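One chain, subunit A, appears in both complexes that follow, with subunit B as partner in the first and subunit C in the second.
Moving on, here comes the complex of A and B:
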């Protein structure tokens, strides 16, 4: 599965950069995130509960961030183990400035296994996009509130 | 596989069903989406509230120019209904294309719209027809009812009670065309079209699309392109080419986003031509 999304954020690039590395903010914007704790520098553990249609699952994920290039982007790897299947993947987040706005591009590739992969194949990608969009909507709202400025 | 343990409650009235619902409870109508999901343990409701015995939710009637279909009406009942075939044949056609005989004999129109599977047939034709989804709390236009992947305007404990469809009047024709997934018979892409003719030209039209995006949508760009046209092959092809513009195409094992966009155009051409010939 490949996920590519691009979001335009009405905030200066430095502020967006600080925010996307802020674990407190990530915990608030990740859809269904119950808790996010730092295991070490750039290594986090998240408890996530996601409901898409009739499928509700709880997942424990580990997130590692590397190749940090302020303020233009970083690479991430994620592994999740859940009641409905396992997932692993990685990708890049890149920030660019455009007309005073910040464009955030997200490009990731991942694999899903377990029952989700066997029976939910036709919906995994659509669900992934939906969760991404939800996350970035939350992000936009938080930024607009100025809570992390 | 067997489902996880759950409590079963059978409601005999709508009020009782509402009071039993909410929280971790799910409503059971025909059970042809929910029960398979439960058997795979994708869905694990703590309580199943069976609403299939509520008499008020059954039956098809016509009130003036409105066809009223109770939420518990099965797909095969819609497909074979004289009232539906007389007033809105395209809906009967679409109902007859859903799944297999088992699904059509058990699955219900209310359960179908509440589940809001992105590849389901009803949402596409209902959006095109300008149908209204009536629930325990309110009435919502079909195009506003389907909001996302398995997401609807339904609130917690809210139950779909009826689907109202305007009968197609003089000068108006409707049709539904779909590309079947050969295994599941879900709509890879399904397009419903309603065309109103005045003289030889298209006075107005509505186009609803399912299967292509994560929820059913109205192809407004294509509608604008078709309105006022002569409904000739070229005009139809030009409008059909814009049908994919209204939604973000899904991509999965059975069809890439690009292929779905192509299917949108082909299915729309067929549906529009058929609707125009019936007008």
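Moving on, here comes the complex of A and C:
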């Protein structure tokens, strides 16, 4: 499955950059991420839950961030094992400035196994997009409130 | 002609089915019953480093948890493959895999708990440390260099190769051909989806050391033999009872010996409680053996006058991760033997490579090898007719085996018993109003509408089969059938058959046969099947064999009953046996010319049991059993004509007319026969237009539910105009041929031929199934639409 999204954020790029290295924020924008705990620099433990309709998969995952290019972006890899299968994926987050706004583009590819693959694969992309959109709305609101400043 | 054969007797099964009173395995409830759930692999290919069942075992309500090694240590045997080809490499398969999972759905552990919900919840607490391995998929692609091996000991993932035909004659035909038609076909993976999911239950009686297993099987005796001889040797055959009660559809997928049939009795004995397991639909998708999945490289040699002279097919058949019970048979013996179709083709060569992939095992599914044969042949025939500019019916007729050449020996082993293909096609043409149909098609085309007409003619080998022949070709058993008739002292009859009915209506048709053979009321006959304690032996139901083989066994038993009654009547009436008349209409037995002193069937039955006055040497009682081993297969055939219209804007296909002529020899119950034909046609349409079991590159089954796997529905279908010709089979006394699979075998190519015909203007000669609207839309929009 493939997930590509682009969001316009009414905040300066440096502030956005700092925020997307903040584990709490990352937890917000990664689709299905329930919690994120730093294990070491750029290496996190993530609890990820993917739910499509009645079908749910919960994965204990490791998230690694690499190729860090402040303030323009980084690469991430995620790999998780759950009781109903595994999930793996990777992608890039890129920031650019445009008319004083910050454009965040998110491009990721991933795979799931188990019941989600059998039953929900066709719907995962749509569900993922919805989750991301919700996450970004939360994020923007919190940024506007100065939560990550 | 008797009172019942050939008549539309209403099915005696239906009152209980339509009232929801069927007796299925899932309905079974026994005192103190526990429930089993099975952990299925989410991975297509992975090494099992460890399995931790502690948390599951500790859960409230869980009785025990077992893994593969427990069963192996506890004496279970490997899953057998009972049809093997020469030099067949058979992969090791255990009921629960101990070391490696090889397809999504592979069985890893079994939980037994107080109720079904606890058992399923406990699955989540089992921690399996999987080391995920790269997977291999694709019937032909899996043989490539560097592909992961499904089983380390089987090189290139090739389990077997098998060829049949006259290669020299075939080569010669292609050297001399005016036209060579070539096509590569992918005959897609299908998922059977019987309405009733598989289920199994087991009860151990420790005091008598007897085990009873209930299973949704098409052949309970074969399962009993497999268990006691191979997979569960701790229970000897005489202490093991296997019951397959009402079974809600099989289509081949319930022939095979499945892991749960071993796990359940093994567990029942360990926990000393009755146990039950019922598959979820999701489990059906990933554990029922699936169907088809061939890659076929085909070519046909044709002379310029339209004579087919050669057929050459190189095919790859995906067997999945293991060999299911009779899997090697399907793309080889049962498939290539039908490459002659309805035609005289001097040079035929077919060669199969059976391959392994990280997918659910593939085995027989309605038609089983014959739809794969008829599809490639009927596609090639259509393509040849088009290339030569001949009408597809005219082209077929030119190549038909004439009726005066039967029995006809094909170059691919079979001796066709009887047939009149010209008469059958004439009737199809007449019922369809073919000439008018073509004219209307022209008119529609002028209006820019995409109307297509598809024709198909096909034959199949049914009534499997002569024991020595199937033995020589790789089957471990014989394919005879057993039938027994017990006449009670009041003249009522219980008949026992080794055939199994899972929708076919044997309780009705077999009663019709017996009632006619004995001259009694059909309501006086009860047919018992599906229980190894009640029925002495049986080979079960598959390969459209029940009437031709199982029916014939009952005919033989009935004949023995008649012979005894004639002898008894002669004694009681003080006449010579030669002077005795047995009245087929009413079962009365009398001395020729003295009808008023006749003995009724009931009187004779009572006399046999009273034993007061029997001829010298005759034992009391009235019960006879017979084994019937057929001398040949039977060869039913059909001709279908279909009209479709393709929507130019959406690519959607609508079937506008469906005309089907079947010839299954003599007919016992026309209504049941038509039901079989309609069901078969619909299943074939399902393959042509909708169904596709898809695995992604990592071996994940992405069509693992009804959400993604499209089954045909009533609103996708036209009224099917079904009719028959009747060319009796000389292979059995009833003159019957198989009918269960013929509809499927013909409908798939007929529909595809029609759609390709509709798309004549788009430079398309073949489209791989299913013909989804997306696929058709892309063709229309990439070829000048």
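Operating definition for what follows: the second predicted complex is superposed on the first by the 131 of 149 C-alpha atoms of A that agree within 3 Å, B and C clash if a C-alpha of one lies under 4 Å from a C-alpha of the other, contacts with A are read in each partner's own complex, and residues count from 1 in each chain.
Quick note on the criterion: a contact is a pair of C-beta atoms (placed from the backbone, for glycine too) under 8 Å apart; a residue touches a chain by one contact, two chains touch by 3 or more.
The structure displayed is predicted, hence computed values, not measured ones.
Peer 1: When both complexes are superposed, which of subunit B and subunit C contacts more residues belonging to subunit A?
Peer 2: Ranking subunit B and subunit C by residues of subunit A touched puts B first.
Peer 1: By the touch definition at the top of the document, which applies to A:86: first (subunit B), second (subunit C), both, or neither?
Peer 2: Second partner only, subunit C.
Peer 1: After the superposition on A, what does A:127 contact: first (subunit B), second (subunit C), both or neither?
Peer 2: Once the two structures are laid over each other on A, A:127 reaches subunit B alone.
Peer 1: With both complexes superposed on chain A, which partner does A:56 reach: first (subunit B), second (subunit C), both or neither?
Peer 2: first
Peer 1: Should A:119 be classified as contacting the first partner (subunit B), the second (subunit C), both, or neither?
Peer 2: A:119 contacts both subunit B and subunit C.
Peer 1: Which partner does A:111 reach: the first (subunit B), the second (subunit C), both, or neither?
Peer 2: Second partner only, subunit C.
Peer 1: Share the list of subunit A residues that count as touching for subunit B in one structure and for subunit C in the other.
Peer 2: 84, 115, 119, 121-122
Peer 1: Give every residue of subunit A touching subunit B within the complex, in rising order.
Peer 2: Touching subunit B: residues 52-56, 84, 115-116, 119-127, 129-130 of subunit A.
Peer 1: Tell me, which parts of subunit A touch subunit C in their complex?
Peer 2: So the residues of subunit A touching subunit C come out as 81, 83-86, 111-115, 117-119, 121-122.
Peer 1: Which residues of subunit B touch subunit A in their complex?
Peer 2: Those in contact with subunit A are residues 26, 33-34, 37, 40-44, 115-119, 148-151, 214, 248, 250-254.
Peer 1: In the complex, go through subunit C and note every residue touching subunit A.
Peer 2: 42-44, 104, 123-124, 127, 130, 132, 282, 285-286, 696, 698, 700-705, 707-708
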